[in-house]
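Look at the two complexes coming up: chain A is in both, with chain B in one and chain C in the other.
Right after this comes the complex of A and B.
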């Protein structure tokens, strides 16, 4: 049907669907092209992010001149094509397909979680016959059966569209479910004794066009019509997938993925999707408390704030501002981070401020590197992974990477210390050894991998190993920076860590990616003063605290005892500090000793902006009223500033956003107005990404306004490019504003001891379901936490003399403990991998932050 | 005559039938279709009919119904099927007795009695919980202290007919389509209706 005639270099094809004539891209599918021009063709199996299969036969259409009735989801458009979707013959087909699907589909819609937002219901109403001729008994299965802890399967409701199976295979790469049996007994099942424990299983629930797959977290929690929805970004990791958070009776009940082209492509990980419950945990502290004579007592906000301000003021008078340190700030919004930055650096005058807890990379590198966007992965010359396992750290970035490598054929250069989910698809594998420089031939290998390809090289760089100093990663990055046309994509995982760093919550930096020295004049003008010299980072702060040099430690949503890689140092520091002021939602190992506890709002309870790993500023939405009297972090900081003698004159979140846009150079132009009107947010600095801004033209397509409800799969927000490109002068910083920091590409080479033949070098990464607060306060996810074990190469296992699964005693310079050991051929010989956790089984007690690497002695217990 | 003309009025009325009754000791019969306070019905085996689907809450124009569903306990199910009404509350300070909930209910769990004489002295009494709305073991509505029940008002609390069929076809109009349940079964058809369930004609 395709006409290959040279038609005056026309790059589009002309198609008519139901009398609407439009231009479409060659190769585009009829179903998609029609939808984009307002003609909805019913479908069940087709999903625009997956390969078409033509299984459900719902989208059959009539094409003039063609034979039969082809499925619109597998037919590409052709020039001059005339399609009819409403003829009598097509109508008869649709009636027939729906009647056939409903033969065995139970009519238990009133108890089905999908009832009310069900594509089968909606399309039956819109396209179906109205009555069934089937009077016999329907097929029965026991229901529901769990496919995993998170996903329940009702086989009676399944219409065999294979969306879930295709998602698991094509998108997630976890082939854990498939069809078994044939005919009317055909059913989706997991394999025997192997649950569907993909990190992405929740997506199958969202794309299931019926109620066959339901989420155990949402089971019978609410019905679609009593939900209210706000568009937001998930801040569980730094990817900031777009989502629609829904609540019922002031409780968060569900997070749905929104399809955002630059970020998440409509997917979420299960931790983000189901990690809502912690907001309403019974363990949350929701009233301010102070400690009197060792006993907690609830007090009023003014009393608690006075007490905190007094402690800060006294310490400053007696010991100077450097005796005060602020840790944390990566959990909140940009506004939270900025006002805390003003309080710490402008009002108190200390530069001992760090949003990363020794588990990140130096701010000099993160803020100054030449950044790539996530979308650059798709068109890269090659992708270099300089991290551990992205699937555990930034899961949806892993999906984007997987798509770029598998679907778009971008070569992958794998420099991770051990094999991970994408290693099987890597063009080049060169395992980095912690503490050692990159392999000498890495440049040759990279150029070999990208032979004959155009575009940039994107290096995905994260803190892959918490047991080795960050310097070695910066060193490797400096080496890779010599590659021609290279860009870096940070994979730091902590919620809003990039926003916090951008807001100046790092030693030596001021808001907007400016160094203390460069921004001194400008910010002294704006704030009335900045610290005199560079302060300490998290490790330095904890060391100083352990030595008694830090008198007041402010923990803004930070728990160093559980999160700092070297738990021993963190505990010593916490024990040595005079006064701890905690701004948090929960009591933690670190806040237990606090003098003042100020309860803050959590995700879902606060509005504002956040910055993701590519520097994209997007909005988070407030869906529920905060528990108790919890306050936004930024408001707490503003109240403290007021008590320390400075009125910041900030009343609303939007005012803070606008002040950031005015003051912080990298944020120039990112006003509250822009963030609200730009559908996909804006990438910092905006001046360099103006052409990417898409203005929103509608709200979330969760339900169609007319109740037809057939258009929300996937959930999207409509937008269009502005008619006139924005004026560049509006998004450039003030002429006096300091320049942005640029990474000097200096490569620190840590002096790591040579590996000896008896020790295993430790690689510590984060598991997705770790012992963090979100997981431990969400019972459903808590069940998915694995006990950390030591993974070593089988040959090392033989050398130690234990079987896989046996117990070994591991000893580092810090301490020793007993863990289970497991053979893993993906771990190179001489390396031992372990998941980070702060409890007795985890790696935190083995890590010594003072050492460039950690070498383990491993002894069999026999 | 003059001053006695008023007595004439009284005398004239004496022979006529009396309309005033000793309310509340004596009550007028209420119309067949009066919408009173609700009951939640049970099946003959005592299982609750409510499945917690929230359709009543969804359709309620006064937003006075609050329902939450939950998984039926496997060893001691409350209702047939997977789900039961875990919370069921009606706020009678808001209810306008429109009966849309009764029409929406897919299991005939919620129906209305003829009782409208109930008044409260505090808000919490006005919010009826599931325990108060459920019929007793005999299938009769519970009599709460602030409700004035007189004989017969809790008969025929159920088995009402739909004004129109769900699909709106007039052929179904007046068709008594509900099943009988515990104690108080099918009410006789109203005047002009078919007694049984005739096959509806297509219109």
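Right after this comes the complex of A and C.
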């Protein structure tokens, strides 16, 4: 200690693996450190996103001066450590381990889904003995057995690495599978009739190192060498988990998780992973249609576009631009949203535009709040959840939150209206009553939770309750904005809702997080004009439509009748509009009455950029050619603009991306080139943190020619920090460009009526498997939709006088329905929870958008 | 709808109170359940999961590691016959065959083959509800079992606990 002064500064340790000497972080595992420096140590059980267990013994190595052969996956590096991974002794061990693992392995590779991308195959070939001395009978099990609707298990192929079990326990928190029995009978199993119904079960299939776990959707569908792959993001919700989408014969067959450090850590939820089939559904409408005398007929694109443009032009001439409204745009890419924004606001001149369907939060708040990034959760002083159940809303965000709380010890302050998947781990629980202000002591409670901790407070805010006006959430957020050093993370769930809002698809806004007023001069220059005044949001549009004031309603992938929380209002509006122009892939309750139907491309069929809930712009890839003659939404908008007299002069997606970077202030510098070269995309606005952007230095590891990448180990893209200091001038907005909008933190005072003792206040949230189009057109997921029961506290159930499971009549100001009721101790007394659904029994028929909250009268049927 | 009867609910509480982490109580509760019903039923495992804040899969995983926890209904008397090396050469298999045939249709007696009982010096050995009996023959083995059945010998529970 006394001699080596400079050594005292050293924070790394020097390690030599197979002759390669490098610096590593103390505490890092040998297997990981070696891999990062080009030495791949074979493994089965170790997965870098989970705790090491040292179960399979495939990674044993020789360490000079040490005794025995320790597992590289449980041994941390130490200064001066010299490791050998290829000595004769190590090779003999690897031989032995593989021979042992293969004793009971059925060797049915030709009929195994893993064949061709199987580490057991690969490592047996690379490290194995080639022959077995085992001549006895192998163990046999019926194969395969379902663990759930989604995951099948072949116990004969299992090598007992426990990756699946550890994932279910450590990462997902769904302990629904475990090892049962022991010795050579040891097998992975679920309990009796309780299936492995985890929202994250598909991850176990991806990380299983053999073909023991297979996906019912992908089983026997393709061979890895027949697949072609494109890197993309899932846009089923707003998390935008990175993925590798694969197709065979122009059909999407598989989505694999890519390990993105800032976003998904290599995980996907099952809805995102398996929600591919809808793209190829037989119900897809893939040719333009127009309605004449109530009858649909397929027409050519020019005819359909002419007809739509005529309707818009006529309405504008007769009734003014305000008689035209555009709803939707949150399902496509940023480019789609932007060109629709240009068409609506710049060409038609209406500000009656909303990408949210009354199920989100006001753009004033979302676009102007001080934002957190997802990674801020990990180093937060505390996390406050102001939402409902994130597991249902944004599943992989739930996983990130779970990790921050359970693994990294960040205190959780739970302000959700009812208990959810993380409540058991909350440091503080203060249930919000819909329509009422936050508990008076909430600031004290937050300070208490934060005691002795550094960092920011991150508030995760979403529209957890569709039965209460968004105002009460904004009010609560304004209250929380007073917390010292606080940031907000949006949990709005719609696929590309943040991209759509950023593109200006909200009343009072223009692209790039700038308001209509602030951006008027700049965008008039760019576009030739913008609407004179702030328009209506979705609720306002539907009300105006119901009053006959909206003549043309354009639905861009929107179905208000099924998605707007108040279905009664939505239906009235749809019935009252003269002309509906639908841009969609399917006929819906709302587009049924359309006069013109313009088929658009869906995820997987289009390339472009999308923006996730933290404002990260990433690319989505096109993997298959569109069905029929479906067109990208942005092209449809550009074609309509042309027919309305404006040539937008946009020929490719990249040109649109570049135009956005040029004109939309928050996107300054986010050119198509930057998005392509930035490995993890770029968080808006990029000015000020350009140097954090990692440049990609290769393709997805599974696409590597040398076969080094496999799908069962985290799939990565290599990257490096830019060599030259970033040139910030490239990414700052033009000097004349308007400033970004800032939320004024105004707190709308909720004015909910007092709760009367007999009524239950309604909380309506979205279930992951809802009655949305993606689920209804994916038969596999359709089977997982749960009944929309009313969940109430046991004491309320006793008061109503029914048993759990019985039927009750519920009455709101909108009407009455009969639903099944269930006791749930996680629901506070006086509250009733229900999943959103727009079908005949759905909550959408109870919600009255005109009321700040919905109070239900609940009666037994006797 | 408790699986445990009233007195066992109290005992379960007492067991749970012994451990800082409720999960640690899975095994003693499994024994309690087995002694109550004679075997460890799925309903019992579900309730244990409830009591210990775990999941039924977790309880099953833990309990299935131990062969002494019976996950299928078994007789009031479990006769475990060793056929490991020493017993093998001294007549264990004959004892096993004989008992199996004798009690094939007697639901109160379950005969099972087990690995080494650590009683090689007294081979061939068997246990009745974990009570040792050494140097048995086919006929003396039947006599022993009958002693338990008639009540002249006092049996432990199926989990091996002594009955007060």
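Rule of thumb we're sticking to: the second predicted complex is superposed on the first by the 847 of 862 C-alpha atoms of A that agree within 3 Å, B and C clash if a C-alpha of one lies under 4 Å from a C-alpha of the other, contacts with A are read in each partner's own complex, and residues count from 1 in each chain.
Going forward, a contact is a pair of C-beta atoms (placed from the backbone, for glycine too) under 8 Å apart; a residue touches a chain by one contact, two chains touch by 3 or more.
Quantities reported herein were computed from a predicted structural model and do not represent experimental measurements.
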Next on the checklist: Tell me the contact category for A:133 with respect to chain B and chain C: first, second, both or neither.
Outcome noted: neither
Checklist entry - Touching A:225, do we find chain B (first), chain C (second), both, or neither? => result first
Item to check | Which superposed partner A:143 touches (first chain B, second chain C, both, neither) | outcome: first
Next on the checklist: One more residue to check, A:191. First (chain B), second (chain C), both or neither?
Outcome noted: second
Checklist entry - When the two structures are overlaid on chain A, which partner does A:181 contact: first (chain B), second (chain C), both, or neither? => result second
Checklist entry - Across the two complexes, what residues of chain A are contacted by chain B and by chain C? => result none
Checklist entry - Which part of chain A faces chain B closely enough to touch in the complex? => result 108, 110-111, 115-116, 130, 143-144, 219-220, 222-223, 225-226
Next on the checklist: Per the contact definition, I'd like the list of chain B residues that touch chain A in the complex.
Outcome noted: 51-55, 57-58, 69-71, 81-83, 106-107, 167
Checklist outcome for this item: So, in the complex, the side of chain A touching chain C is made of residues 175-182, 189-192, 194
Item to check | chain A contact footprint on chain C (complex, rising order) | outcome: 42, 45, 54-62, 64-65
